[in-house]
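Here subunit A shows up in two complexes: once beside subunit B, once beside subunit C.
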Partner chain A sequence: MIFGWMNQFAQSKRSQIIFFAAYVVLTSLGLYFIQDSVIAFLLLLFSILILYYLKLSNKAKWIMGFLILAILVPLSASHGSAYQSYMEVGTLVGIYAAMSLGLNIVVGFAGLLDLGFIAFFAVGAYTYGIFASAQASKFMPFGHYPLPGDTFWLFIIAGALIASIFGILLGIPVLRVRGDYLAIVTLGFGEIIRIVLNNMDHPINITNGSMGISSITPPDFFGISIGNSSQFYYIVLAIFMVVMYIVTKLEDSKLGRAWKAVRDNEIAAQAMGIPLVRTKLAAFAIGASFSGMMGTVFAAKQMFVDATSFTYLESTMILVMVILGGMGSVPGVILGAAVVTILNTQVLTEISNWLNQLSTTGAIAIPDALSPAKMQRLIFGILLIVFALYRSQGLIPHKNKKVNAEELKKAASEGSSSPEAGSPSPETALVNESRTTGGVDL
Partner chain B sequence: MLQQIIQILPQVIIDGLTLGFVYAVVAIGYTMVYGILELINFAHGDVFMTGSFIGAAVLFFMMSVGFLSSLPSLIVFIIVMAITAIVTGLMGVGIERVAYRPLRKRNAPKLIALITSIGISFVLEDVVRFFAELKTGNYIITSPPLFNQKMTLDIHSVMPVFNKITFQSSFILVFIVTIIMLIALDIFVNRTKWGMAMRAVAQDRETASLMSINVNRVISITFFVGSALGGATGVLFMIQYGTIDPYIGFILGIKAFTAAVLGGIGNIRGAMLGGILLGLLEMFAAANLSTITHGAMGAEYKDVFAFIILILVLIFKPEGLFGKAVVEKV
Partner chain C sequence: MNILEVRNLTKQFGGLTATSNINMDVKKNSITAVIGPNGAGKTTFFNMITAVYKPTSGDILLNGKSLVGLKPHQVSKFGITRTFQNIRLFHDLTVLDNVLVGMHQRLKSHWAGTLLRLPKTRHEEKEAKVAAYKILQYVGLADYVNENAANLAYGAQRRLEIARAIAAKPRVLLLDEPAAGMNPKETKKLTDLIHDMRTRLDVTIILIEHDMKLVMEISDFIYVLDHGELIASGIPEQIRNNKRVIEAYLGKGAVSNAQ
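On to the complex of A and B.
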């Protein structure tokens, strides 16, 4: 009887909203009053995941999610000393989530394993870094550098464009390579970019080599210089929202369906008239552009770039986010990015500090080698293996949009009778079929 | 400029051959697994790295017991090699059991197997780092000196165009041991029953299983042989180059894979030649890039050089220098 009642409660829309509102109020109050509690902060972020599972219209979810992230989280965290560090976490989650959405297009939608994805991030970061610091005056014959901070907004777009050009440049030769070689070629490409960036201080000093580029101009928003994590949080949130919107729109577009067709069977897709190279290039370019945008933001936020931030480990970290969340699943990938980033920046360091405290007080001696902050590789490795072996669909499996076959057929036959709609295109027929069979899980 | 290049050429060849032999043996591990499973075993480079650490551990142990001073170093070396090869070989079998076999049973897409192999390589790197750091406090390890007498070959007095060459005595060891390993492997694959089974499985797994070949066991043996060779090469690497760290396997693994692709993946003799060729090219680049480009590009670009070779080969001759072209079928 209790189960029946609970079930009814869970099914009812109103009780869901009440429960959700109570949860959000409770956690934000918790965060407001217990400022140093990381747990309250994480619980508040968790509300986004609950929101995803609520039975609400998409529009309502978007609005509520935006309100929580843009107003409630900063407001309830703004009270205490840990404010900036919370916002830092939020910013990083946003950066990585947008990047993993980009990688998700390449790996999850188009099925191309890219192991050098961080290279595009590096390209974006260096684009802003070079021109917004005195570095550019070392090799540019004209212009006055560093550029002022209000050009940052242009550089977000420039970063996206340049990164997508790099994506295409990489793609043109690489995409002719057979499936699994692609992984190793992209890996090689990532390393090439890193090594070149690390050594381009001679003969012409473009990237300042291993010294990195320092004192990058912070962005300028109508005269306000943006330097805090709490301010970058909003920039990242805005870009992230745009990226998420683009990705959700793309997923069900013609291009998105072409990607999935290429992923499931390249030869069959080609036979259906999908231009292979152009489709794959689009995946590379769009994925790379998200990464490039976030690279620009990253450079502005850190005010320093050097090649050590763009290693193979970072590329794999983004891959872990995608695999953990679920390849091809947009909400899953965002969750994966949040989990890995929070694990990396908060949980591991907290545990390490706690263990350090234990060893200094002499309770138990933990060898330094065991410090969880150093165990990133092990944790990423285990996550990759466990998820690939036992749950290859990830935390939130990818769902194909449900299409009512009967209605489609009716619409198609009605469409054929009216002259302006034309005959039922083969495209709709294809959609219909692939939707009902559900596609192939990766 | 040309004269300068010619002068150091003998030294470059010696160094290139040393590196090339290491690549060649590691490349065999990649090529054998790829030939049978069509899988890039990303973990193989780290099996090599683990081998070098196991070798170092055994060597340190023998030093602490006093064997190193009482036994001739050649015997110590053989013992270290044997132990390492067996341990890493079993490790390879274990990796296949844990990470690849369940996927094969499920007929999972190749992408998933690639991802588990990346996972395995990360786990290996971190576990090795952990133990090294726990025991010595630092994850970069300097191996105990073995075969490190400096030798000089004075060809300058015979042929004045060349400079003198200097090398360690371990170079001779690397040279001889890798040649023995390569020949032994060639005989194993081409002359023995298991080798024949391996070739059969590589050609057509299903038909081979109909011919009463135990496919799973053949795959296990392939992993054993490949990993044992890789681990043993790790020991050679440690003796030759002196310092090892848990991350050597990554770059070296990619280069060995490049060598395998260069020689035509799946082709064992091709992998050997590809490895030697890549080693020579890389050393040549490292030594002369700065001279050729008048200082614009230094030796730090040698890794870029290897990757560019990989990309060029994959684009223009994906079947490799010694392989056959494969047509993808529906």
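On to the complex of A and C.
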């Protein structure tokens, strides 16, 4: 596999950096000069994956990744006529990657299968849609609507908060059930949210029902109205970076360990003092908040929302991104989101168009029933089956973070363990009160 | 002084009485064994102490305070942790992370502290890793810190369960068949470990075990269950020669046949 080969190459730092720089320069020049080259665009994006495998410090990777995505990609793409469509793809990848990272917390870390995840995206989208359009004036007793575009930035946070409240609302009843039942209940929840949004036009018109909400105010950035994909790209990139930071930090923390402990063995996790309900609700709430933020961006970008964007198929698609990328694996899930999005928006459309062309010229015979859109789904389905069979752990399988055993050994022999780490928890008064002995350091 | 007192503890599963009117007094810092044939109700007894099951009736007192009605995670906060007969490790986590989860309720850091990278949180996390490493050294698993728990050999998994349980700094440690599946050499090491934990960690140990050699060698006091009833209790010498105990293990008539 290409991944294995890259790992091998990982020995010499210098040759790696030279190779990487050459790769990035070549692909960006390619994208700059060969107009509308999808291949060059994809190859440039691929550099992020290479970067992940390089033997550099995390900080260096973060900075380089940011520079490539924030400067190099937009700059190289800006030359051709397909600039906006490339940036649109980049924006979509960012939106789906952030949502996949959210679902990954729920499914990959905490082991709770959620088949209705798109509901939180819908909640975020409608939150901005309603208040940033004339819709809110139909039921709000006070205030002037639409709210101006500079409130958008607050709505990103509001979208996150409201979505996480919905995450908790979903969690409370759902956590009584497990496994298959949980999956079914979440599926139902997703559909209920969609149907409710689709019907909340009477008795009070809140969502405008199946007509959807149109003329949503675009965001306003210090007087600049943000309208095209090359601008939304930066908003999405910024949110994605924040999401990425939160996920990587939480994964290797007390909460992250608690999620995985609950996933691996609920009874043992509880016996170790992990409160089951609170831990699962935290997963639902944090996962949902990422979706809520991106929902807000989605509504602002489309300037229109209706319930058809939030079907069960969309929930499945995000789950596919997580599973295809590698459940529980942060880089895997991001790659999964990128691959699925690019397949759906670029590669598969090209392939099915090409096949269609062949069929009209009579080179091959495709049944009429198989329209290009259906053809696209068919190829996508076949690809999924192939992946499930030959790479069932995902594109980048999850790996546990390793600690530096030598360092720990040294620290342990120095006896640097402080009393804080060893003192009993103050959380329950009873413990403090009755726990005078016990808890001796080794 | 008794650290744990059990009063008329009864558990019924439908029509089946798994334990019936059990009374026990466990001395602080003692090693107490609970033995009995298969299905006697020993694990059920542990499950009631750790709130996995709610007792049908009766009471469990830790230092005079009732534990009945607590949630399982609260029992751990009160200072009781356990190992499981059918190993329940976090199999996809590393050995070190398993021990760190054991420390869960002792770590004060909050997710907000993690995200803000507060020095206090980072310090606590670092110290916790060192402390976890020390515990692994103590049980002899320091070479496997980065290994997934699922990849350990059976005996090592049992020791990791103990490491995880003592990471919580319990005052009472419940061991459910810790020697099951171990060879004699491993069992010897385990015996030493249990002895050492009692003094070094100042912990009270209650263990369920079928290995009679280990039980007789290690226990200060033994309780014998059979069909959910407490049929005998005493120091090892008393239990070894108790007629009812021999009958319970070998079947009725075994004693008279032997004579």
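Convention: the second predicted complex is superposed on the first by the 359 of 442 C-alpha atoms of A that agree within 3 Å, B and C clash if a C-alpha of one lies under 4 Å from a C-alpha of the other, contacts with A are read in each partner's own complex, and residues count from 1 in each chain.
FYI, a contact is a pair of C-beta atoms (placed from the backbone, for glycine too) under 8 Å apart; a residue touches a chain by one contact, two chains touch by 3 or more.
Predicted, not measured: the structure shown is a model, and the values here were computed from it.
Engineer: Would you sort A:Leu113 into first (subunit B), second (subunit C), both or neither based on which partner it touches?
Structural biologist: first
Engineer: Let me test your reading of the model: by the given contact rule, A:Lys61 touches which partner, first (subunit B), second (subunit C), both or neither?
Structural biologist: In the superposition, A:Lys61 contacts neither subunit B nor subunit C.
Engineer: Where does A:Ala258 make contact in the superposed view: on subunit B (first), on subunit C (second), on both, or on neither?
Structural biologist: second
Engineer: Once chain A of both complexes is superposed, is A:Lys138 in touch with subunit B (first), subunit C (second), both, or neither?
Structural biologist: neither
Engineer: Is A:Val403 contacted by the first partner subunit B, the second partner subunit C, both or neither?
Structural biologist: Second partner only.
Engineer: Just subunit B (first), just subunit C (second), both, or neither: which does A:Ile267 touch?
Structural biologist: After superposition on chain A, A:Ile267 lies in contact with both partners, subunit B and subunit C.
Engineer: For A:Asp180, is the partner it touches subunit B (first), subunit C (second), both, or none of the two (neither)?
Structural biologist: In the superposition, A:Asp180 contacts subunit B only.
Engineer: Which residues would you name on subunit A as touching subunit B in one complex and subunit C in the other?
Structural biologist: 267-268, 442
Engineer: Per the contact definition, I'd like the list of subunit A residues that touch subunit B in the complex.
Structural biologist: Contacts found on subunit A: 107, 111, 113, 115, 173-174, 176-181, 183-185, 187-189, 191-192, 195-196, 198-199, 202-203, 267-268, 312, 316, 319, 323, 367-370, 374-378, 380-385, 388-389, 392, 442.
Engineer: Contact residues on subunit C for subunit A in the complex?
Structural biologist: Against subunit A, the touching part of subunit C is residues 50, 52, 62-63, 65, 71-79, 81-82, 84, 88-94, 96-97, 100-109, 111, 114-115, 117, 123-125, 127-131, 133-135, 137-138, 142, 145-146, 148, 164, 168-171, 200-203.
Engineer: Any idea which subunit A residues touch subunit C in the complex?
Structural biologist: 245-246, 249-250, 253-255, 257-258, 260-261, 263-265, 267-276, 282, 400-403, 405, 408-409, 411-412, 416-418, 420-428, 430-431, 434-435, 437-442
Engineer: Subunit A touches which residues of subunit B in the complex?
Structural biologist: It comes out as residues 38-40, 98-99, 102-103, 108-116, 118-127, 129-130, 133-134, 137, 250-251, 254, 257-258, 261, 295-298, 300-301, 303-304, 307-308, 310-311, 314-315, 318, 328, 330.
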